[in-house]
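First comes the structure, then the notes that go with it.
Chain nomenclature is as follows: A, B and C, assigned in order of appearance, with residue numbering initiated at 1 for each chain independently.
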Amino acid sequence: MTHRIVRSLNFAPWHVALLALSMVYGLYLRQQLQVISHELMVPLNMWDQILTFLLDPYYISYLFVPIWLYSSCVSIQRHFSVPALIRLGSYRSWLYRSTLHALARLIPLLLIWLVSATVTAAGLPLSIDWSATSTVGNPLNQVLGFVSNHGIPPLLVLALQLMLVGLTLLCLHMVLALVHLLSSKQVVIYAAAAALFFAQLISFRSRIEAAPFLDLANFFLLHRSFTAYDPVALVFLPVIAVIGLCVAGVQYQDRRHRSTPLRLPGSLSTLLYVGLCALGLIYALAFELRNEVGTPTDVLFVAFYGVSAEGFEWNLYLYHSIVFLGFAYLFLLVLENELKARIYYVALRHGSPTRWFSRFILPVAARVPLLLGALFAGALLIGLAGGPSADGNALADLRLGQGWVLYQFFINGTLQVLCYILVVFVIGWLNGRPMAGLFALGCLLVAGLPAVNSARVLPAALNSLGYVGLGGQELLRITAVLSVYCLALLLGALLIVKSPKLFFNERV
Amino acid sequence: MDRPHSLGKFTKLLKTVRSDLKKTFLSWKVTLLLLALLALPSVYATAISDGYALFGPADFFTLIIPFALPLVFPLIAVALYALPFSNELSHRYIVYTRTRSNIRRYLTSKALANIVVAFVAFFLAAFIPFLWAFVVEPSVGVINPYRQTMVGLSPAELEAYPATVNTFSQLLSIGPWAYGLGYSLWLGMNGALYASIGFLLLLVVPNRFVALSIPFIGYHIANFVFAVLTIPQYSPAIVFPFNLTQFPLWVPFVPFTVLAVLALSLALYVRRRTRELDVLL
Amino acid sequence: MAVIQLEKITKSFKGTTLFENVNATFDAGKIYGIVGHNGSGKSVLFKLICGFIVPDSGTVTIDPTYMSKNRTFPENFGVIIDRPGYLPQKTGLDNLRDLARIRAVIGDDEIRTAMKSVGLAPDTKQAVRNYSLGMKQKLALTQAIMEEPQVLLLDEPFNALDVDSVELVRNLLASYRDKGRTVIFTSHNREDMDLLADHVFRIRANSLEQTA
């Protein structure tokens, strides 16, 4: 299904109108910027225009959000029908599907926004850093003056802003969908949408400082997030929490409507896995940090330290392996089901092996960032339990590299786990027995040791936060290495899947 | 699992075990290959020994025992015999042997063969390095000189030092052979124990893959949990005590006993319920 | 046009040739029976038709109604190949639900109806692991028919079934023919062939001969 929905990501005529409108507004903003720069007598560069546009409250709250809320209401009502529910089997899958549709709606909107911001910046000097104008603190230039003061490069601000808005909009969509599921009356969903619209309007005008998580504008404008949350990454937590609540809500609804029996074996291993993950985080706080937390990412850093170029500590490497290789093992348990004669009946229904493959692997791949996000959130939450560090901060020099810690954890983490999954798939499928996948995991466990992987060219444990000490250059190299492996493995997997001889290996 | 009541029965059992082993393992080619594989770490460690300040054969010995072995030890133990045996189960070959021989005797002979294979393999995995470090190397003298001094230790203390490094190096105070044989026996016993647990799980757990992966997964989970509890000496990884300080000799036998009891209860269960086991039907 | 057309199919496995220059046509609205010795290649023939195996040479042509673009395997085919495939730890109903969810054209009700039509109780809590051989065979039959396919390829559908169930399945297949659907099945039983099949093919000496 994923397949078809994402392919339906098309541009409608009204997108053109929106693009035109955005362009005009962009030109208006550009003109104002020109005035400011003239007044302050400092030069501009492209980021001034792009980020001013992306952080513009009027554009977001009067144009973007209402369009989104309205189209969400329409889309939810169109896709909600009893036959659709029957086909999908549960409210939860309906919610997922609806969210996928929302994603397909969101991407063109974000693109229009980004494109009009970039295009209207044409002619301004290219740069990767902040311009002189934006770094001047001046009432005329509050927003950029403030944002540029956080030591984050403009490209990252752009990415964070888009991520934040995107996630928030998806979250609002899920809230509306849940409202519709609970009430299933047309009036209610429109009323809810209107309420959300006015709430965000008010929130743009005046801050709610006492409860930053109730202040909607904090989740639309990065400069508002910077004031409300430190570090700014924390702003994602409430959004993720609301999404989690929505999922829990539909699960509850499912429970109420049909008592689906709990499938113990599956949930038992998952439960054990989650328990172990939590145990490791608590351990990191209690024993490695002795309950003293300097920066919010301390717990994360210690828990996922894994190996470093100098060597490894048994406990930390064990935890790292249990979390990441353990995930691949859970995948192997699922893969095992497909390695049997059942694959004939499954593949026939999917229509082609590649379609089977994409529907099999994509949900798993999508869970990887979710897993990392959950671990990140968990580490932050557990970090809250710790007191401030006594001797200044043992990990003080790390604070400089916090951005890199997050980079290593999320980007290289995702790539690394994808590598694990693909290795397990390729080996398991070629051999036809799941034990081969387990041996592959054993080899990866050994290959992750710094003594074996001293050149860091084997795709094992490269997402260890212990490698952050090697500097950004090395982390980027690791990204390159992992990307090459991922691509090669993906290619291999596709070759296997495309060849009937290998795909029905031994089962033919 | 069939207790032999008479000598005749017992020798018959041994015969089946032997023929079974012969069938799968004891060809000359395989034996040579295995020995070469087991000798490889010794050669490798000798080659890299220059980079280490070793203070004696005992220290050299711990360098030889492959540092990756503790990570995959249960996986290897299971792979030696239980894995091929699982294929026999999955192709339902065993169903046809049922009608031709007593199923209990059949299983017992398989279980014994499993124990023998794992024990011998892991015994040699420690014993060959021991011979290399304590017998061959000193007579050839590739590594010399060993470190003669150690900060803060008098010569007499230095003499006694190797016996205080790890658990099991206590045995060095009796003599090098006590140590070599003692540790090799220990490793062999553990290999056999893990292999047996894998084998028995194969008969009890309906999913063969899960059964074979439990020793490996459980081993790591237990190691982690014991590390979190800050009592690593009671974790299963104490099979390889080289990265911990010395503990009394009874300590490693605590997890061993627990696992042995587990294996025995599994064996009893299999024996009691042989006729009802799903996998044999 | 014909639903399935085989032209000059040749297929061999590691030296043993199964088919040489086989031609055959299967038309809509008929029941075809296929007989042959054990190991003569009946299952391989079905796999060839479904696209699970590619022939060494020759072509398998499926009516484009069942073979839209970018499909490798035909649509709207219900098949049993060789042996039942299932998730042993789940119940029969859950197994079928998992399969039905892929195409998402039927819901629980249809699955239950299909199970009952071959004599399986939908609500037994038994895991398929504990099914008898015949029950597994019925489960395989159910998955083949539950989505009301236009073409049925059934490899030894009567295996391990009791007398009553055989009768049930025979009637089911006959009703399929009456609805204009196509059925191809293999069987060792003369009676099945005589009672059901409009045409019979025999695999002999690497070729497919139409005997009736």
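One rule holds in what follows: a residue touches a chain if its C-beta (ideal position, glycine included) is under 8 Å from a C-beta of that chain, and two chains touch if they have at least 3 such contacts.
All figures in this text were calculated on a predicted structure; none of them were measured in a lab.
Taking the mean of all protein Cα atoms as the centre, the chain whose own Cα mean lies nearest is A. Contact tally for B-C versus A-C: the pair with more C-beta pairs in contact is A-C.
Separating the centre of chain A from that of chain C, both taken as means of CA atoms, is a distance of 44 Å. Chain B and chain C have CA centres that are 50 Å apart.
Each of residues 89 in chain C touches at least two other chains. With touch defined as above, chain A holds no residue shared between interfaces to two or more other chains.
For chain B, the set of residues that touch two or more other chains comprises 207. Residues of chain C touching chain A in their complex: 47, 50-54, 70-75, 77, 79, 81-87, 89-90, 97, 99, 101-105, 107-108, 143. Only residues 1, 86-89, 263, 265, 337, 340-354, 500-501, 504, 508 of chain A touch chain C when the two sit together in their complex. Put simply, chain C touches chain B in their complex at residues 88-89, 129-130. Taken in their complex, chain B has these residues touching chain C: 206-207, 278. Of all residues in chain A, those touching chain B in their complex are 272, 276, 279-280, 283, 287, 314-315, 318-319, 321-322, 329, 333, 336, 433-435, 438-439, 442, 445-446, 449, 451-452.
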